[in-house]
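Chain IDs A, B, C, D, E and F follow the sequence of writing; residue 1 opens each chain.
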Amino acid sequence: MQDLILLIVGTALVNNVVLARFLGLCSFMGVTTKVDTAVGLGMATTFVMTVSSVLAWAVETYLLVPYGLGYLRTVTFILVIAAVVQFTESVVRKVSPSLFQTLGIYLPLITTNCAVLGIPLLNVHDKFNFIQSMLNGFGAALGFSMILAIFAGLRERLALADVPRLFMGPPIGFITASLLALAFMGFSGIHTN
Amino acid sequence: MNTAAQRSAPFAHAPTSIQNTMSTVLLALIPATLFDAWLFGWPAIVMFLTTVGSCLAAEAACLHLGKRPLQPTLFDGSAALTGWLLAMSLPPWSPWWISVIGAIFSICLAKHVFGGLGQNPFNPAMVGRIALLVSFPLQMTSFIAPRPLMSAGAPGLGESLAIIFGGHANLDGISAASALGYVKTELSRGIPVSESASHVPNLMDMAMGMHPGSFGETSALLILAGGLFLLARRVISWHIPVAVIATLFFMGSVFSAVDPGRFTSGSFQVFSGATFLGAFFIATDYVTSPVSKPGQLVFGFGVGLLTWVIRSFAGYPEGMAFAVLLMNALTPLIDHHIRPRAFGRTRKGDPLPVKGE
Amino acid sequence: MNGRTLYHALVLGAFCLGFGTLLATTDLLTADEIKLRQVEDLQASLGQVIPASIHDNNPVNDAIVMKNEEGKEITIYRATRGGRVTGVAYELLGSGYGGEIRLLLGVDGDGKILGVRATEHRETPGLGDKIDVAKTDWILRFTGLSLGAPPADKWKVKKDGGQFDQFSGATITPRGVVSAIRSGLEFFAAHKTQMLEVH
Amino acid sequence: MILAIGSLTAMGAALGTVLGVAARYFAVEGNPLEAEILGLLPGSNCAQCGFVGCAGAAAALAAGEAQVTLCPPGGKAVAEKLAKKLGVSVDLSHAEDKGPQVAFINEDSCIGCLRCIKDCSTDAIVGAPKQMHTVVSEVCHGCGKCFKVCPTEAIEMRPIATTIETWHWHKPGSTLSH
Amino acid sequence: MRIFPVRGGVHLEYRKELTSEKAIVALPLPKILLIPVQQHMGAPAITMVKVGDSVGKGQVVARGQGLVSAPVHAPTSGKVVEIEYITAPHPSGLPQITIVLEPDGLDQWAQLPDPIADPFAATPAAIRERVAASGIVGMGGATFPSAVKLGLGARNKLDTLLLNGAECEPYLTCDDRLMREHAEEVLDGARIMAHALGTAQIIVAIEGNKPEALASMTKAAAGFANISVATVPVQYPMGAERHLTLAVTGRETPARKLTADVGVVVHNVATAKAVHHAVRFGRPLVSRVVTVSGHAVAEAKNVEVPLGTKVADLLAFCGGLSSPPARVISGGPMMGQPLPSLEVPVVKGTSGILALTAWESNEAPAQPCIRCGNCVNVCPCGLVPVEMAAFVRNEKLENAAQIGLMDCVSCGGCSYICPSHIPLVHYFNYAKGRLNAMDRDRRKRDLVKTLVEARGARLEKQAQARKEAAAAAAAAAAAAQAANPDANRPNP
Amino acid sequence: MADSYSRIIKDGLWENNGVLCQMLGMCPTMAMTTSATNGLGMGLATAFVMATSNLLIAALRGYITQEVRIPVYILIIAAMVTLVDLSLNAYMHELYKVLGLFIPLIVSNCLPLGRAEVYASKEPVLPSFLDGVFMGLGFTASLTVIGACREIVGSGTLFADAHLLLGPVFSFLETRVLPADTGILVVVLPPGGFLATGLLLSLKRILDIRAGKPIRLAGAHSV
């Protein structure tokens, strides 16, 4: 139990997908101008990431390993993810048009959110079992959503600040992210204990 | 009459200004600074002046590049305060380039790219300190043992200039670990805290400042006195410092009671490292902390908790600076969600119900 | 299921068929080649810790698998000359500041170190990464040492009272490496006969 | 090899089926956005935007084929709302906003031709044939149609004057008084 | 008496000593009086006189219209010399319709309504009517027609009339002097109002920094069991009615509601005195006490001023300006309005004329906000001024409204305390004005929309009718043709 | 036509550069720019995948239906990536050892898919191919520049280990700019990735302002 909690904390904070592993940056930069949107995308990503972690685990365990098809890993994983995303897209489009409108081109981009592919691949690399894969996917997504919300909060504040024209918009976003990553370095080394 | 020149009420104003506020904070730092200058000698004084000077120069350069007037901004004391606090958080004999690089990170990258005073989401001095710590872990963890001015073996002014500007300090020979760093390193090779803690200066010495550490963090009591002065002058309110210290003390006490071999005690947590400096002078930075009192309590609690977590579990021995930056990042969300209750409204913002309706 | 849905299934299925074939073919063509490259890689790293002069076999092909105290399997590559085992090489795990450090240790029949290399690590550039031969020759200093020389209580970094230099400001990394090598040598001492025995 | 190709194909076909089904059952009819946009437009169907009335404008906006600044009667306020709804950012600081206007009929030149009355979409003009017409400024929304059709140029578009009731403080730092 | 704590607020420099010991003196009749027809909240009054008319003191010169309005009376006898647009005592400097009266110096009362002999026997409606006819509006600054407020008893269950003697604005001492010099009249007015409202209890609330007023009111109230005097803390803005109600009764008025919804009606002490005069003597509101103060005034005074007196004349009576003022304002320094010129009249809501030197107003250019949170701490309404101002500065008015902009009472506490001298209240005033304007626009747009739709429907109906008519005609023609097949056949 | 080809080239390399303008593919931009060599290697591999996948998608787009287009595009990209992965491993093993780790990550790079959606799914084969090539080269250039900046400030070297990627001929590229051990380490750590990219974006803005172009102040992808 303690291990599993540590696993979630570790992936969420210490090896945060965005700030330490550099995954999922496109949506991190693109969909964080408002807290509400960021939370929305975070929830969508959490769903997709958890589900695809589980499905990818199943594909790995029951298909790729038994039949020695390791070289098809990338292709099959990404297919699974693409399917989950497009399914989610259809559902969101139907259920909440306004969420669909704000998430716009990002729903299909969740597919290429590196984090969504990266985490299942890491699960395989770390030889995680079913529960661990699921929790790792969930923890990573949690860390992703958390960073998205924090960063959106910061950007809402920056939108009201007198940022020089030279840095307004994306540049200041990156610089802020840089300082955020600097702050998160404080968690580094937690795993060694 | 030109309406643009017109302005609306009020036509009275309290005798407050940015300059007043900042100079009060600077004043509160003087006793601890003087003590530390004595404790670590001329090289520390040279380092201190270099750091503050670099920050002022960086501020002037940024204002110039942004085509903004130097006049009110350079002299409002905020850049000097950033430099001062940065210097307080550096090892006392840091070479000049540490000061300069720190100033560039603090003033240019943490403050002016965001638009200067008041706009920065992260504490400039702490950004500087952490960028340095991460970049130069060796120099930033090489503390010297106290070497009071005029005492035997203390370097003179000329020698000090050579130490700071010529890179002639043989740090390996004189460096010592801070108490937190010592305990952490010992723990990493399996020596329990209960044992290693007996080799660090006792609490009284720590409170008085007679131990190795950053330039300004050593003398807990004088920093505390400065903090109380700020409280008395109402420059800061009690919420953040009390929340930070109480949380740190609580976490330390509880966990060291459970596992004394693994965790240091509450009073060790409070008196070692930069706890007082952080709680009274750094976490309280207006610009980067929440504006409401309840928000400040949450902020202080977060700083205390994260400091303890980082000190106890993470790779770095001291967590205050990281904790402050992490909570800085959360400040917009705290401000967003924790607001005072508006008059005539519920916490959620709906009008209060009318009785009998 | 109506026709349109079926059509989607067919399209995607057809693409999968096409590209699956492409990939399977490529795999077929490259699989042997890739296996060969991996062997070459292994050979190259073993060559660093076992001098070519002491063997006439290919150590890659003379591997035995043993279990260590914790029950983990360790592959031992053996160098033989004239049918006699002249040295062995195997992988060690040390713990550093940034996580695991993988080391490859080569030992001769007398328990003397033939060579050590850090093969994989995540230590901080400029601090802990000095264990890498690409950065400094610190790790070469172990060549020729054995459990008795220096004596057991000196198999430590200087800071802990031993004989090995630490890097200034980074004690954790060298400490991890030294203790990993020492336990590697102890493992050799404990399983010497088994390792050296010729099948 | 057969296994690899076979399993991949099977996966593809299965996913294709799932997606096909999803696309069918979750298909959305019409565009809910269009209706929302229509609600934001002034609704005076004056066609100054170049579309067939407000509904046309709304459809174009929803399809992303029109600028949010398309509607002159709506002015800056409507453009802002549209921009917010559509999640686009526009720099409105330069958007021309003449401020609200009302039509004013110059008594001396009006010949009572009735043309303006016919065109006014809010029935803001009162008058009888061959008699002087007047504009009820409370309901005139300044679309300017009457101004365009008046044969004698008797109609003037005047900015709505500020009174003590409608005056408010200017923004600090700006030199505008309104 | 138990006083309940009120959140926020500031401790100001009051500078009341400039006038607090100056007894009220009457202003000699000026040469000209400028009488705007709108001196109150609500619909402007309608002019009842023509140029050249002679009027008596207290004669109605403009009558109220609609539910919320108030008549205007001649402050003295004389001749109407002009009725025109003249600069209003309003920061916009815009003109408004003003009756210019040249006093004849006789100061002769016109025919006044009869005094109500026993007001406590009269019906509340009769008292309200008299108050309305006397043109009495709130003298505490809001200038809301008092008769309307006196009618609240019909709608709400009221138990307390709270007499507002807090006078929390710096400099102003007119209410203080009134309570010291005319305590009985004030209390009599209050009792009449309580009768009209139907409240059993009257509480007079006075800030602790006015011991003499407290003493004299306590003495005057001694004979009445239902009147009590409460000392409220010296904490700006204690005089704001919701906060005063909270402090004295512990009841918090819900947002967007009136104090009447918690059973309390608040009236200013000067209003009470005006009611006393209207009911007991039939005299309408034609003059008021004005504090003339500030260090740029030669001789600070409390003056009983005929309404319509030019500010310049009033200042001249006080010895003129001793130094060039940085600001001349009407009302107190915290909530008063800057005057566009000295040629504007004193009106019903003018409680003070202050000529302030630069050091008194202590203005400075705005610097960046350092997020010190002082404004949050002092805001009596529990708002976050720093954030609202940031939104307003970036034209995000709706966001500002979402976090409570419209709850702001413009007390000025936040601007006063801000170390960066940010004109927070000015931002809020701008935003409120702009939002109101947008609201007006929206209402107009909605109106336009319904009109357009109505017209569209009408046109369609007409078109339909025409089509039907045409169809009917065609059908008739066809029928006719069927009856007479040859009719349309081309001739062979 | 020639005009539109020069447009494609200009867009890819500068005007609509994948990193600097579209801000897609940020993950490798951050993760793979600890040195100029890494940036170059990642960029080249990506360019190859983009060129081939754009080509295939443009060629096959007639058969792809709307509902399954994303999976198909991704399938094609993933197949190309695997192809590169396997062949490099087999035939250019030294290069593979440098790039090996990050090749699978190209699949989830937003840029190839972005181009597939925006360009290859609508345009003819040849322009699509060129778009892939030049977008890829523009991407490579950005990564190399960012990598170079970070490497110089962070480790004091430039093009370290270039011979591993490009062959021993190119070892002349390897330079030491600052004395050993004087780099500012944060710059090669995660914060430095964001910082370097942010500063480079504002540098591009300075150039755009100089060139008199309108600058975009809004968020990365505001539609």
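Miscellaneous remarks
The rule is simple: contacts are C-beta pairs under 8 Å (C-beta built on N, C-alpha and C of every residue); 3 or more make two chains touch, one makes a residue touch a chain.
This structure is a prediction, so every number in the text was calculated from the model and none was measured.
Counting only chains that touch, the fewest steps needed to get from chain A to chain E is 1. Of all chains, the one whose Cα centroid sits at the greatest distance from that of chain B is D. Set against the C-alpha centre of chain C, every other chain centre is closer than that of E.
Counted by C-beta pairs in contact, the busier of C-F and B-E is B-E. One simple way to say how far apart two chains are is to compare their mean CA positions; for chain E and chain F this gives 66 Å.
Here the CA centre of chain C is 86 Å from the CA centre of chain E. One finds 40 Å separating the Cα centroids of chain B and chain F.
Inter-chain centre distance (chain C to chain D, centres taken as mean C-alpha positions): 71 Å. The set of chain C residues that touch two or more partner chains comprises 7-8, 11-12, 14-16, 19-20, 23, 27, 97, 124. Within chain F, the positions touching two or more other chains are listed as 67-68, 71, 75, 79, 82, 86, 183, 185-186, 189, 191, 195, 218-219, 222-223. Among the residues of chain A, those touching two or more other chains are numbered 71-72, 75, 79, 82-83, 86, 104, 162, 167, 171-172, 175, 179, 182, 185, 189, 192.
Every residue of chain B that touches chain F in the complex is listed here, in rising order: 101, 109, 131, 134-137.
Of all residues in chain B, only 66, 109-110, 112-116, 119, 121-122, 127, 130-131, 134, 188, 306, 310, 313-316, 319, 321-323, 325-326, 328-333, 336 touch chain A in the complex they form. Contacts from chain B toward chain E in the complex involve residues 1, 3, 6-18, 20-21, 72, 76, 78, 115-119, 286-293, 296, 335, 339-345, 349, 351-356. Interface residues of chain A, counted against chain D in their complex, comprise 63, 67, 69, 72, 75-76, 79-80, 82-83, 86-87, 90-91, 93-94, 97, 101-102, 104.
Across the complex, chain A is touched by residues 16, 19-20, 23, 27, 95, 97, 99 of chain C.
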